[in-house]
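Notes to accompany the following structure.
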Amino acid sequence: MAPVPIEGVLVLAAVLFTLGFAGVLMRRNIIFILMSIEIMLNAAGLAFVVAGSKWGQPDGQVMFIFILVMAGAEVSVGLALVLRLFHRFRSLDADAAGRMKG
Amino acid sequence: MTDLLWLIPFMPIAGFTVLVLAGSRLPRSVTGTIGTGTVGLSAVVSMLLAAGFGVKGDGYVVTQTLWQWLSVGDFSPRFSLYLDALSLVMVLVITCVGFLIHLYSIGFMKNEEGYSRFFAYMNLFVGSMLVLVLADNLVSLYLGWEGVGLCSYLLIGFWYRDSANGYAARKAFVITRVGDTALAVGLFLLFTNLGTLQIQELMQRAQAEWPAGSKIAVIAAALLLAGAIGKSAQLPLQTWLPDAMAGPTPVSALIHAATMVTAGVYLIARTHVLFTLAPPVQSAIAIIGAATLLLAGLSAFVQRDIKRVLAYSTISQIGYMFLALGVGAWSAALFHFMTHAFFKALLFLGAGAVILAMDHEHDIFKMGGLRSRMPVTFWTFLIGVASLSALPFVTSGFYSKDLILKLAWSSERGSVWLWAAGVAGAFITSLYAFRLLFVVFFGDRLTRAKSDPGISMTAPLVVLAALSVAAGLAALPEPASGRQAIQQFLSGVLPAAHIRDERTPELFLLLIASCASIGGMLAAWLLYVLFPRYAEGLVQTRAGRSVHRLLFTGWGFDRIYDRLFAGPFLWLTRINRDDFIDLVYEGAAWYSGVFHHLLGLTQTGKVRWYAFGIGLGAIITIGIAVFL
Amino acid sequence: MTVEWLILIPLIGGVLAWIGGRRSSLLPRLISVASLGAGLAMTASLWNASPPVAGRTAGQAWIAEFNTSWIPQLGIGFHLGLDGLSLLLVLLTFFLGIVGVLCSWNEIKERTGFFHLNLMLVLTGIVGVFLSLDLFLFYFFWELMLVPMYFLISIWGHEKRAYASVKFFIFTQLSGILMLLGILGLYFIHGRSTGIYTFDYTQLLGTRLTPGQSLWLMLGFAAAFAVKLPAVPFHSWLPDAHSEAPTAGSLILAGLLLKTGAYGFIRFLVPLFPDAVESVRLIGMVLSAAGILYGAALAFSQEDLKRLIAYTSISHMGFVMLGIFAWNELSLQGAVIQMVCHGFSTGALFVLAGILQARLHTREMSAMGGLWAVTPRMAGMGLFFGLASLGLPGLGNFIGEFLVLLGSYRVSGLVTAAAATGLIASALYSLRLMQRVFHGPKRDDLTMADIAVRETTILAVMAAVIVVIGLYPGPVLETSKPAVEGLIQKGNPSLTPPGRGPGAVKPGGESSGEMLR
Amino acid sequence: MNTPFVIASVVAVVSTLMVITRTNVVHALLYLIVSLLSVSLVFFLLGAPFIAALEIIIYAGAIMVLFVFVVMMLNLGPQSKTQERMWLIPEVWTGPAVLAVILLGELVYIFASTGGITTSGKTVPAGDVGFALFGPYLLGVELASMLLLAGIVGAYHLGRRGNDDEQKEER
């Protein structure tokens, strides 16, 4: 099969990243925000891998692994916080926890 | 014996310190004797020293250095006293008249509270005046100059309870201070250009270095003149003297008639070399003198308060002295100063006696017919008025004023117009003088009045009356030089006036002058004794009323100065009370507060708002990185 | 040996007073008075021990000197030097310190220990400023003065004390930092050009600076000194700090802190940057003349007694600044005399204001009036010090102002004439003060005790000093003569070593032909 | 052009779009899983089979499952649909949408200018990745392990029911 064009993948990563970013801004439900963050992380990982594949070096993939690890840790702690938030504010509205302001 | 010179100024100042420190505890009689005694002692010492001078007055000088006041770089004035013929005349008049007035005020202030404070200030005044007159350098002269200004402030505001007196005192001090500042700047200029402030040295260096009429000499002389005008209440700084009558009458007699107001005359006489070097300034003096004597004379004519009449009369008489100085007749000015000191002090003390008798009634139209009730006061007041209006031959005023008029005509710097102004002034002077006499002492007795005051008040009146007649003797022509005794006496210090050309019509001038004074008397007789209604009628006419108001307010100078200087200054300072520069810093503080508030608003606490911010930041930075 | 003790004594006194404060409220006062008395005695002994003027060669300028290294790596030395000028000011400091302690004897009731600690720390800072000859040490003491004074105002002050103390702190701190920049700039330039990095004043004197550098460094120093000696645009902290501070606080603020600014100008600014000062000389003089008139105009319209006195000290310090910028022997000696006498006359006025406030619980002059009958002795004193502040000849202030104006006339006649009108303005506000507070209608609703023996003696001593300086200023002038001559030598651009920046400008003496010359 | 790549990326984009726009959380989750699978295909095409496998196992397998657990625990399900719809009104998402489009524009502008480079087409076997991991990146791996440990402890501590301040809350 024909070699994959770099900017094609990069554009894909950019699109995914922006969609994830838009998701973070648009949704008020914290779960959706976390999911969008996952999308953004995944898009970033994609960019790393495609860079690595361009030189045929494993470094891109090593970076992806680190991102994976970070994403795993982040989701676990994030969701634990979401649980606490839910118990505390009885709703998943991100703006409910807006006490620190002014 | 000459080293007793330091006693003259020291005695009154010592009296002042004693009275200030221990005054309130001493009984009144002791305070009185201390106050009067010190001035008396200086009078005695000055008479002893006068003996040494004799009549020859050939530049005989007594000096005594007390201590080195300052020595900084090339400026090293010494406290030293310099007594020559000019200062001797001044010292004699100050101490003798001062002594008489102190004697008078023992009786006058008998039942006033603050007795020791009064005598303390009076002693301080005589002390500073003596320091002024005996100073041998301009800095200690300035010290005496400000000292007398201070005492006039303290004594005008003596009855401090009434804030109007306080206002009059402040007005006097501030206006004289304007003159003093000009004098101070003059001192700086003289020192910077001539390197010394020692009067005698200064005069020699000025004569040597400055050509006549040079710009620097004119400026220096103008500044000294401004100082003299401030202190001697001449045009345009004369508005404070009529208000200064708020003080007790002996104060007005001593300070605002006899001594302080003539300090300006002394200054000009002392530094006459400087003024001869600046002809325009000298003619300015003459013109100021002439203008002042006319304006003040006219204002005196319409005053109702007995003391204000005399105040305006003082301004007018000093105008004569300035006229004399202006035309270069230095010794004539001094002669008029001496005679004026005597008869004006006499008039003021007489007025004080009248006021006391009418229990503090000042309005002359509420008095009348005091002739029979107060014979001694009447007769002494009559001599005073006669001398003021220069009745020919019998009064000393005549000799001194006639000398001035003669020299105004014949002197090199004089002119017919100045002489004419002088003669007109003479007529007006005798007009208002005799008006005062007739209204107060003649006519039907309107109100009750006590009889003559005690001996301690009448004695000075009698002595002063004698002096204001006897002083004329000083005009006796000297057998040798044919010039008058006083002129001869002062010739060592003050140069004789340069006569323009010899053929001055001596007799004609004498005739005109005496006609003026007698004419004024008769006119006053007509207006105020024979047809008093007529004078009233004249004032009621519309033109009469506006002229009357103009003259009454001293030609409206007060209103002009209020609107020109006092008003704007007060308004400006009141508006700027909280210091607009402070608003700049307050503004800075306020703006930082606003900025803080705006920043605070951006922290809404919403997670998505912060994400939005991050995104925006990313876009902007990428945009900058990519496109710029 | 003795110079560093002048600083240690108040410091130790302060700490002891603080400790003493725990036991009894009287002990700190006694300790403070004792230590300040000791300091005064030591300075006095230094004064008459100082060799007569003739004996002292120009080189050995300092009456007493103490120099050890403090942080050698950075070239910072603990270098103290006492010459005629600083000796007079240190004497003034100790004297006013004692007066400050005495007049707050029954005014300060709570936490007297801490109060006296702060008071003594301020005094230590001030004495340190007057003695230090190392720029870093100078800056150290400059900041040391600030914090305790802030506490003095903010803890024991009156109604708006928080506002006043913060404003005072910001003004002085900000300008202090600008001075620090100046010091460091000088330090590095000197280091780079000569290789030795040192903060020592005597070595930094000769640094070769380009006009641009010299101007900017000078402006850095000038900022701090102009704020402390309130030059007009930077003066607005003074009225607030004075009216809100306790009597001792405003006494020390007016009497001493303003002098540190003037001292800074004389000792550091002009000698270190003679050309820069030469170029801004006229501007400086115009600014000080404006300061004189503006301070006086504002003093005239104040209703609060202490604010009025504060503005008068702005006007008086304007004379000092005029003298400094004219920079010749006459004007400098005049500035020294004016500083000393202003310390006494304004200090005394503040003591009086403090007494009035203690009795009437207000500073508004509208609540006063007619006090001459009620308290004749206090009124007498008030009259005396009012006259001193309007520059009555025969009193010390007049000598100061007269010499300053005489000296500055040589530089520019017009500015001096303008400054001389300040004499009229000073008459206006002093007499208004007298009228509103002491004269006026009788007040029978006001029954007040006249001033006590303690206060009378303080005021009498200060009055005596002013009269003596007025009539016989010889000794004071003699002490400051060598110091002033030395400084004029350093500060006069034309006399400094050749090859300094562009052609040396004509010395102040023969400036351009003024109309009035 | 590489057709499987195009298909995979189209699927990824569409599914991610659906993730954002769904109101029901579970649907969004499933779409997310689809998106992750398509991205793993792209990884495979890029010659990174090990990463593709990891993506599926860890990302799609573990993390998404964790999400599902939490969603189930909070039983969000259908009844929160109305609330979601209320939160997703146009005036909420227009702003972020515009911002996202601008960001996309900038990124695309950057990437488009790289000009026709293609991947080397050489697949990088898992062994190389292993060698790299425990070669130069050894430190990174250790740090990653510590990160995971922290994640675990954090999750355990925060997730524990019966936490004292919660007790306070309910009482």
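Letters A, B, C and D mark the chains in the order given here, with residues in each chain numbered from 1 onward.
The criterion applied here is as follows: contacts are C-beta pairs under 8 Å (C-beta built on N, C-alpha and C of every residue); 3 or more make two chains touch, one makes a residue touch a chain.
It should be emphasised that the depicted structure is a prediction, and the values quoted were computed from it without experimental measurement.
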item	value
A-D compared against B-C, more contacting pairs	A-D
Most distant chain from chain D by Cα centroid	B
Chain A-chain D separation of Cα centroids, rounded to whole Å	5
Rounded Å distance, chain C centre to chain D centre (Cα mean)	72
Whole-Å gap separating chain B and chain C, where each centre is the average of the chain's CA atoms	38
Interchain centroid distance [CA atoms averaged], chain B/chain D, Å	102
Where chain B touches two or more other chains, by residue	612, 615
In chain D, residues with contacts to at least two other chains	95-96, 99-100, 103, 107
Residues of chain A touching at least two other chains	21, 25, 28
Contacting chain pairs - touch in the sense defined above	A-B, A-D, B-C, B-D
Contact footprint of chain D on chain A as seen in their complex	1-12, 14-23, 25-29, 31-32, 34-36, 38-39, 42, 46, 49-50, 52-62, 64-66, 68-77, 79-84, 86-88, 92-93
Residue numbers on chain A that touch chain B, as the complex places them	21, 24-25, 28, 33, 94-95, 97-102
For the chain B and chain C complex, residues of the former touching the latter	20, 24, 67-73, 75, 79, 139, 142-143, 145-147, 150, 153, 157, 160-163, 166-167, 169-170, 173-174, 177-178, 180-181, 184-185, 187-189, 191-193, 216, 219, 569, 572-574, 576-577, 579, 581-582, 584-585
Of chain D, residues touching chain A in the complex	1-6, 9, 12-13, 16-17, 19-20, 25, 28-29, 32, 35-36, 39, 42-43, 45-48, 50-51, 54-55, 58-59, 62-63, 66-67, 70-71, 73-74, 76, 80, 84, 87-88, 92-93, 95-97, 99-101, 103-104, 107-108, 111-112, 114-122, 124, 128-129, 131-133, 137, 140, 144, 147-148, 150-152, 154-155, 157-159, 163, 166, 169
In the complex, chain B residues that touch chain A	600-601, 603-608, 611-612, 615
